[in-house]
Every structure is written in structure tokens, then in C-alpha cells.
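Okay, got some structures for you below.
You will see two complexes here that share subunit A, one where it goes with subunit B and one where it goes with subunit C.
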Partner chain A sequence: MAYAYLFKYIIIGDTGVGKSCLLLQFTDKRFQPVHDLTIGVEFGARMITIDGKQIKLQIWDTAGQESFRSITRSYYRGAAGALLVYDITRRDTFNHLTTWLEDARQHSNSNMVIMLIGNKSDLESRREVKKEEGEAFAREHGLIFMETSAKTASNVEEAFINTAKEIYEKIQEGVFDINNEANGIKIGPQHAATNSTLSGSQGGQQAGGGCC
Partner chain B sequence: MMSGTLESLSGIGEDGSSIGSDSEINGLAVRRTDKYGFLGGTQYSEGSDKDIRVDVARQREMKWLDMFNNWDKWVSRRFQKVKLRCRKGIPSSLRAKAWQLLSNSKELLDSNPGRFEELEREPGDPKWLDIIEKDLHRQFPFHEMFAARGGHGQQDLFRVLKAYTVYRPEEGYCQAQAPVAAVLLMHMPAEHAFWCLVQICETYLPGYYSAGLEAIQLDGEIFFSLLRRVCPMAYRHLKKFKIDPILYMTEWFMCVFSRTLPWASVLRVWDMFFCEGVKIVFRVGLVLLKQMLGSVEKLREVQGMYETMERLRNIPPESIREDLLVVSLAVTEALIERECTIQVRKWRESRGELTHQPGRRLNGTRAIHEHKRRASAISSGGSFSFLGSIPPPGPLRASSSLLSLPGFLVWESVCLCNVVTVQCCHPVSSSLCSCF
Partner chain C sequence: MILTTTLGGFSKVTNYLYGAFHSPGTEILQHRPDAEVGHLDDIIPGLDINQQDEPGFEVITRMDLGERPAVRRGEPLGMDDWNQNMDPEGRMINVSYLRRAIFKGGMCHALRKEGWKFLLSYFPWDSTREERRSLTQRKTDEYFRMKLQWKSVSEEQEKRNSRLRDHRSLIEKDVNRTDRTNPFYEGADNPGLVLLHDILRTYCMYDFDLGYVQGMSDLLSPILFVMENEVDAFWCFVSFMDQMHQNFEEQMQGMKTQLAQLSTLLQLLDITFWNYLGNQDSGHLYFCFRWLLIRFKRELIFHDVLRLWEVIWTGLPCQNFHLLVCCAVLDSEKQKIMEEQYSFNEILKHVNELSMKLDIRVILQKAEAMCLQLKSCKDLPSPVMEILGFSNPGTPSSSRSQDRPDSPGPSASSENQQDFLDDLSPDGNNRHSGATARNVYRSAHVS
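Here is the complex of A and B:
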């Protein structure tokens, strides 16, 4: 299907916070408590519409365990957005955010939009991290923030779409050079010619291959 | 053989899992497991596997039983035959014992009575136990043994993985060990599975599960350059779309294809892997890439990084033929080792020293056997006992390319290029080859 843009996302965060479940809820609109542990990387994709434009999100879901960190780093390359996920019922996953953020900042391009996600909001009775704490962390580090539940689907759409909106706005403002694939954005095959003016640079000819 | 069928099945409902429909789960009319114990999921076998004739099966069993009775002789004198029989597939009734003999984990088990219980009694490091517990329900969730939360399968998985973290505290737990341990548990009791896991982690795939995952990244580079020889078309395609080997081979290699192939093929691959070592993992990976990306028509469908990755992550079962997996590609141990030398050099040039030097990799049954023989020849002169229960000192293991078999008091450092082999009785005086 034709798209105006393709954005690459990466989902990061400690093991067991619900990264794969968020992805599945977003791409397939279902919650599957029984699933294989992610080893290495998994993928998902979905089309969304922003400002009347079709945008394809290509999402990389990573392994959370620390030993995989060295491999995860290579997935940051060329990501336009990152969902940094913690589990509101496990404080340690919140405490590790700084390390994740450092990694993300160090290995991604500086314009990457990061959305902080406190997942498992359905488990209110087991909550260990207050919503205000998540908000404060996000404010302090310049991130967007949302609490989600991959189980009930609450805010899942919004999390992915708001991140895309932010990326889209950055494109409009000319912050992203959309002709540089390293930014995690690609212009769709049909739109290459019309959209190339957006970046104000040298056209979108490299998107002509129609790949991805 | 352990399984908790009824218990497992009753547990599924509580979880609200999506195995079949509710009526299938709550009532007795549950979906039948396939012949490997799968209730569903992508590795469920639809009964299309052709069964071999009973008389042929019986004949094969007899041959294997005969080999069991004279195992050392068979390995030392008629190894080609053993190899051939592993390639044909080990009879399922004898698979567990065969794996333990092929990997020599049987000897570890026999020479360490009570060791597993000892490890179990230790409290263990909460840092690892916490992660292990979170992973228990995420291993083959569609297999009857592991479907139930807190069921026998998951309990045993915990025991084995925890025991390993106590056995090798400096290594701890890596998430990719869990599916490997689970496959073993589908065939043998926890204690046996534990020693088998030890052999896989330390002898077959040393360093794969260690912090930093350097060994797997290095094998990724080796794999990619082997692909260039074996299937230039697939190589060029992956290069064109900047698809690094770690993007697709991490799970293949770390889990020895246990989550990638149809189950009948998994078992065949493991039979060969135990016999011939990591070479099989390379070969199967290369065959898969050749199958998926080896022709112009196939490449036409995957014009893009994402499309290619999707194809490699969801390999259609019908495109995998068991007999194709044994295709003898011209990928030998020597070639892999030569490539390893090149890639280690490149690694050092671009990324500096490897921070974690794994132990020496032994290429399957014969190498393990040979090693054992040499070790016992040396130890017969003194009081050293091969395969004892004293783990090698951590810092030494971490700093040089030492043999990683437990209790081996005669240290050996062997470079992977096989150019220099140094043996000595004290690690301090062992010199390392320039490869490492």
C-alpha cells in the first residue's frame, strides 16, 4: 500500500515490561499473555493517517535483558522514534530509565522522538510508580509521556500515533532531513516528487526504489 | 519423560490465553497435542510428518542400542557411522540418551553425583532468579509441558536455569538459554538436562550466553562471510539493504533454531548439532538463507529491508525440507575456523580487544571425545581428575582462551585458527596465540 512517509520506531525498556504486548496490541489489536520471549529483535508494521497522509510505522521490538544491550544498540540506527517502556508495577524498571535513555541518546540520531510509556496501567492495585513520577521524569528529560495498558488497549493507539505526530511536526519544521535515511524516515514512492520540497534540500530521488 | 498434560491444560484457562477456544480449554475436549506435545502455535505439526515404517524404526533402534553398549569404541573408531546415523535422525525413544552421550554430559552427570541437588539448595542470586521467573511462562507456551503457569515444566525449567547461575555465577543467566533448556527438558529429567545445558553453553557454544554477546556477534560476521562464498546472491541482497547478520541470526544461533523450524526439523538439527557441533548451526543458517534469498524470483518479493526481515523471521514450514537441511554445503570446520581468524582480526582492528574471551569451542562429539582422552592421559600421571566438580577460577577464564570444561586442572589455550596449541599445567605460563 502506498504511503507518504515511513517512520522507523524502536521499542526499548527492561525485560517483562510489555514491549511485545504493546506492539501486538498496536499492530493486531489483540492482547496475548502467552507468547515467546523476544530474543534479538521482532518486527511489526502498521499504517496510520496523520494530517490526511498515510504513514507507515515500522516498529522494531527489542530484547530487554541487559546482556542483549550491545546488540540492541545497533537497532537504534536509523530510528525516528523510540518508545521507552517501564512497568508501573515494578519500580526497578522505572529506576533503569536513565540507563536506557543514555543508551538511546548515544546511539541514535539527536532528533529521535522519545515517548516514555508507563505500561500495565490496568494493574492499579499493584502500582509502584506514581503517574506524577513518570510525568516528572519525562519533563526533566524532554520526553512525551503516557501511561498505557497493552492488556486493555488503553492509550496504546495514542502512544504510537502521538509519537508519529511529533515526528511529522518535526518534518514540517524542517528539523529532520527526510532525504537522509539515517533519520529513520523515508518518503513513499509516489510521494517522493511532491514531498521533496518539504525538506528544502535536494529532492527525494533515492526513495524511487519503492522499497519498504 | 515428564509431562503434566491434564494439569497443564487446566492451567491454560486461568491465564486467559488464546490457545484454541474456551470450550476447547475448559471442557475435556481440548485440542489434541501433536506427536511432539504441541497444542498449537507456529510449531504445531499437522500430522503431515511421514512416519517411518515400524520395522525400519526398530532396526534403527537396535543399531543405536548396539552403539550405546560400546560407545567409546564407536566414537573413536567408527565415528563416520555415528555421524551418518545422527544425520538420518536419532530414534525418538533413544534421543535423550543419545544426546547425553554425544555431548558427553552423561559423564558429567555420572561423575558429579549429588552436585545438582547441591546447586539447587543454594539460594541463588536474586538478580538472576527474578529474570528467570519472569521468563518461565514465555518458553514454548504452546507446548503441553510449559503451558501451565507453575506447572511441572516451568518448575523444572526454573530448577535447571537457577542451577546454572549457581554453577557459573560469573556467567549468570541469559534469556536465550531458556528455550535451549526447555528443549532439553522435553526429553530428559532436570538433572540430566542441566548437565546437557552445561555442555552446550561451555563446549559447543562457549561465550554465546555471556555478557556483551561478543561470541554471537563474531559468529554473525563469520556467518556473513561464509554466505558470500555459499550464496553470493543472498549476500549481496542483505548487504544492499544493510541487514546486519545479528538482525536475523541471533535467535537462530542462540536457540539452535529451536524457535525457527518445524519441530521435526528442530530435532533433526539438534541430533546433528550434538554430533558435529556448531558447524551444523552455520550450515543450517546458510541453507535457510539460500532457500529464502537464493534466486531472482525470491528476491523480487522482498525488495526492502523490512520485507526481507519479515521473510526471514517467518520462514514458511513448507519451504523447509528436512532432507535439505542436511545438504552438505562445503562449509567445513577448517573453513569456519579460518574465517574466524579473519573476523577476530577485523574485530580487533575496528573495535579493539574482545572483552570476554570464551573458552575453546569443541566441534562436536569427536572433538569432545578426543579432548577427554588426552585429558585422562595427562591426569593418569597425577591426581588430577577430569570432569571433577571444581569450576575453573573465574578471572582466568575471563582473561584468556582457556578450556572451559569444569574441573579441568590442566589448562590449555588453543587459538581458534588451530595454528598454535599450547598446553601447560598452569594458566599463568600459557601463552596465547596472536588470534586472541
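Here is the complex of A and C:
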């Protein structure tokens, strides 16, 4: 399918907060409790519609392990959006947000839209971080905020789509230079009819569609 | 003058020189004055700068790496063959034959449980059955002593030890996320998970400084699968970790060293591709991160991982063979990457998606061929010789390949590696000279 824009996202945060599960819930609409831990970076992609325009989200799911960070940082480059995730049942994952945020701001472009996500909202009985605390942190650092559950899918769509809306608005306002790919935005092929097939798992040969 | 300054740094290697000319952003090559060409000729024997008259067109002969020989993989080493190479007391004989056979074809699965203990130096090749029995006894006691150490830490103690606490919670998380689709580890309450957990916790006691880092569970899982025994799996894992340790140290220095070494090899093997990657901001080769960190564990199907690892553990045909394995995979992908003009993001994505699609036979064949090709090449740049553990002609094949702190690897002596290469190289040990061009690589640049 053709798209008007492609946005690159990154998902960051401590290990085990549910980054890969959020991605899978968003791209495949399923929750997979057993999956391999992420080493390096993994990908997902999905098409969404904003303002009648098809937008392709290319999402990079990074490993949370601290010691990999000197290398995973390089994947932040050219991201238009970031989901910064913590686990509402583990206080330490919330405490580490400042480090993640500094890291993200330092290694990506200044206009990157950051969504703060308190994941595992289905585990209310084990909650260690109040919703108000998440809201306050987001307010203080100029982030959008949401609590999600990758397990029940609650707010997952909204998290990804609201981030895209914010990016889209920034484009409309002219904040993002869409001709500079370093901003994590790519304009889709002009003529969709001929070269529009999405590259599937076989790796498409089509030119012009960009790489998903 | 860029030329003269470059020359000092790059000595005789025309490839490198070419690389300097073709650095990012210098697509247009100027015609060089005759005097300069003469000067280059003096310094670089065999360098052939084609002074054609087409404006902006120049041909530089690259360093001739010679033909890449055809190699064939063998059949897995069988139980009978193994047993025939054991003396009545149980010592392994003809060890270099066994190593070679394992390098060429791996081993049959039934043999792995025993064979891997030798390959991983848990059992010395020249030990008798009796010696191995008492070794196993000793190692069993040692293992359970260390296991008891973490088992006996009280909750109160753990509260005051953040390191211990962090490692525990990380290991608990990760064993639930390691190979869970493999029947050996699938399902809730799988006993394999408890073993994975206990071995990793005990390893934290064995190596306090390192503790547990993500990726280590991936390295342990196949070993435990093969050993089906907690103590044996632990000690084999310890040996494997001796080789992989630096990958997991803080600041990832081992990873960075390997990426730099890989870049050095790639530059020699295909300067055009190397330049392409550099121009796409991918010269750091971070897209190979997962390959190197956990030795292709996530790139190959489970049984092919077992094959690759046992082949590498033979220490043949050269030091750092796993880097040539990386080169072999990239060699198969470079055409697509360059033709499709993949950028930073797309290269990483493409490489990531090779996972589970790689053919282990093809890769090993190509990597071995690359090794033989380089080995028979005269005037290899010394960094390349260093990385692969090739000794300079004239200098005795010293212990340079053994247990160097910056290049962890299984220890097959360099003599072994040399024998192997002499046997298999089409030219024997007669390296051909770069000047007697059998297969001249030429590259043309049209501005």
C-alpha cells in the first residue's frame, strides 16, 4: 500500500517493561506472553490513517539492557517519535526515566515527539507507580502520557496513533522539515498505482515504496 | 598533498589507498599527473594506475586476493569414528584428525554430549576415562558449593545487596524469554527453565565481576539442551563464556574490538561494499551486533546453531573464524544492499530479517573459502594477519594465535591451523604473489 508519510518510531525503556509486547499488540493485535528477549533491535510496521492520509509507522523496538546502550543509541537516529515505557508495577523502571529521557534527547533530533507510557495497567493490584506520578513526570518534561496494557490492548492503539497525530501536526505547522530524512519522516511515493506493493516477508523488489 | 600523506599510513596495500581516494564525498577522481603516478609506482609495487584519456576515468588495480577456492563440506563425525580414535584407557588420539573432521562436517547429535566437553576444554583430550571420572566428581562438588552460596542468601541479605538482587530479577525475567518455542523449554513449569535459572545464578557466583548480562541465556540454552545435565552444562558454559566474556563486559569493549576487526576484513575483501556502508553511515557495522554478541544464535535455526558453534570451537581453520562467517553472510547480501541503495535504516532492517533464512552449509563453505583465499595471498596487511592469526613467512608460527587477551577464541594451536591450511589450500603453502595477477580486480570510477 502506498503511504503519504513514513514515520520512524523508537521504543525505549528498561528491560521487561513490555516494549516488545506493545509493538506486537499494535502490529499484530495479539499478546504473546512468551517471546524471546530483545537483543539489539527489532522491527515492526503498520499503516494508520490520519486526516485521511495513509501513514506508515516503522517502529524500532530496542533492547533495554543497560550495557547495550552505547550501541542501541545509534538506532535513535532519525526517529520522529519515541515511546518511553515504564512498568507501573516496578518503581525502579519509573525511577530510570530521567536517564532514558536524557539519552533520547541527546541522541535524536530535538523535535522528536515523546510519549511516556506506563504499561501493565491490567496489573492494578501490583501497582507501585500512581497514575498521577506518571502524569506529573510527563508534564514536567513536556511529554504526552498514557497508561496502557499490552495484554488487554487497552490504550495501545491510542498511544501509537496519538504520537503520530502530534508528529503530523508538527509537519502541518512546519516544525519538521519533511525533506530531511534525519527527522524520521519520509514522504511516500507520489504515484502509488505502479509501485505500491508493500514489501512482505520475502523482501519486496519494488522500487519507490521505501523500505518498511 | 593528500596522496603523499595517505601513502605513509597505508603502506603497500592498494586497497587501502583506493579506500582513501574513495572516501565519503570524494566521488570525483582527478586524473593524476604522470610524475605522481611514477611516485606511486615506486612506493607501491604492483599498483597499476591506468592513465587513460577519458576525463575523470581511472582504473586502480586492487590488491589481488587471488581466486577463492572451491571447498566442500563433509559429513558429521559419527560415533564409530569417534570411538575408534580413543585408546583403551579412554584418551583421545588423532586429535587433529578429529578436529578437522568436526570442522568439515560437525558431529552427529548423539556424539555432542560427549564431544562438546572436549571441544570446550572441559575434558582434556589426553585425559583417561578414570581421570575424567574424578574430574567430574571434583567439578560437581565445586558447582554445588557455588550453588549453595546464592541459595543460602536470605531475603534480608539480598535487600542489602543490589547487585545480587538485580541479577536475580533479570535472570528470572530472561529465562522466561529464552527459546520458549523450543520443546525443550516450552510450557509453564518446564524443568529446563529451572536449570537455566540455577546455572545462570551460579555463574554469577563463579564470576562476580560479570554477573549476568542479557544474551548469556542465549549462549547457555543450546549447551544445556545438548548436555541435559546441570553440572556438565555449567562447566561447558563456563568455557564458552571464557571465549565470549568480553562481549558482555561493561562499555562493550569486546564488541567494539570485534566490529573494528570485522571492518578491517571487509575493507580488504570488498572495498566497494565497505565504502558503500561508510557512505550510508553504517561503517560501524552495528547491524552485525546481534550476530557477534551471541554467535548467530538468533540468526540460525536451533540445530544449525549447534553446528556452527561446534565448527567454530575446533579453532580451525584460523583464528576469529566467526568474523569470516560474518563476511560470508555479508558477501551474499552486498549486491542486494547496494543495488537497492539501502540506507542506514534499511541496511539494519535487511540484515535483521535474514534471521532464520540463512543456510549454514553455504555460509561455512564460503567462510572457509575466504580463509583459504586470504591465507594463500602474499602481502596481506598485517592487521589482517593479526586478526586471523596468520604468521608472517619467516617468523615461526608462534603462539600469537593463542589465548590473546583481545581475541578470545578456542585454542587450536596455530600449528594445527597451519597443517589444516597446508592440506586444504589448493596451492599448499605457496602463497601466490599479488603481482602475478591470476584474477585482477579492477574498479572503474566514472565521475
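Keep in mind that, in the parts below, the second predicted complex is superposed on the first by the 190 of 212 C-alpha atoms of A that agree within 3 Å, B and C clash if a C-alpha of one lies under 4 Å from a C-alpha of the other, contacts with A are read in each partner's own complex, and residues count from 1 in each chain.
Basically, contacts are C-beta pairs under 8 Å (C-beta built on N, C-alpha and C of every residue); 3 or more make two chains touch, one makes a residue touch a chain.
Please read all numbers here as calculations on a predicted model, not as lab measurements.
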Exercise for the section: Once the two structures are overlaid on subunit A, check if subunit B and subunit C clash or fit side by side. Expected result: clash
Exercise for the section: Answer with first, second, both or neither: which of subunit B and subunit C does A:174 touch in the superposed model? Expected result: neither
Practice task
Pick one for A:36: touches subunit B only (first), subunit C only (second), both, or neither.
Solution key: both
Exercise for the section: Pick one for A:74: touches subunit B only (first), subunit C only (second), both, or neither. Expected result: both
Handout entry: First, second, both or neither for A:16, with subunit B first and subunit C second
Key = both
Exercise for the section: Jot down the residues of subunit A that show up as touching in both complexes, subunit B in one and subunit C in the other. Expected result: 15-16, 34-37, 39-43, 58, 63, 65, 67-68, 70-71, 74-75, 211-212
Problem - subunit A contact footprint on subunit B (complex, rising order) - result: 12, 15-19, 131, 134-135, 137-142, 147, 174-176, 178-179, 209-214, 216-217, 241, 244, 246-248, 250-251, 254-255, 259, 303-307, 309-310, 313
Practice task
Within their complex, state which residues of subunit A touch subunit C.
Solution key: 8, 15-16, 34-37, 39-43, 58, 63, 65, 67-68, 70-71, 74-75, 77-78, 181, 201, 203, 207, 211-212
Problem - Residues of subunit A defined as touching subunit B within the complex - result: 15-16, 30, 32-37, 39-43, 45, 58, 63, 65-68, 70-71, 74-75, 209-212
Practice task
Could you please specify the touching residues of subunit C with respect to subunit A in the complex?
Solution key: 170, 173-174, 176-181, 186, 213-215, 217-218, 248, 250-252, 255, 281, 284, 286, 289-290, 293-294, 298, 340, 342-346, 348-350, 352-353
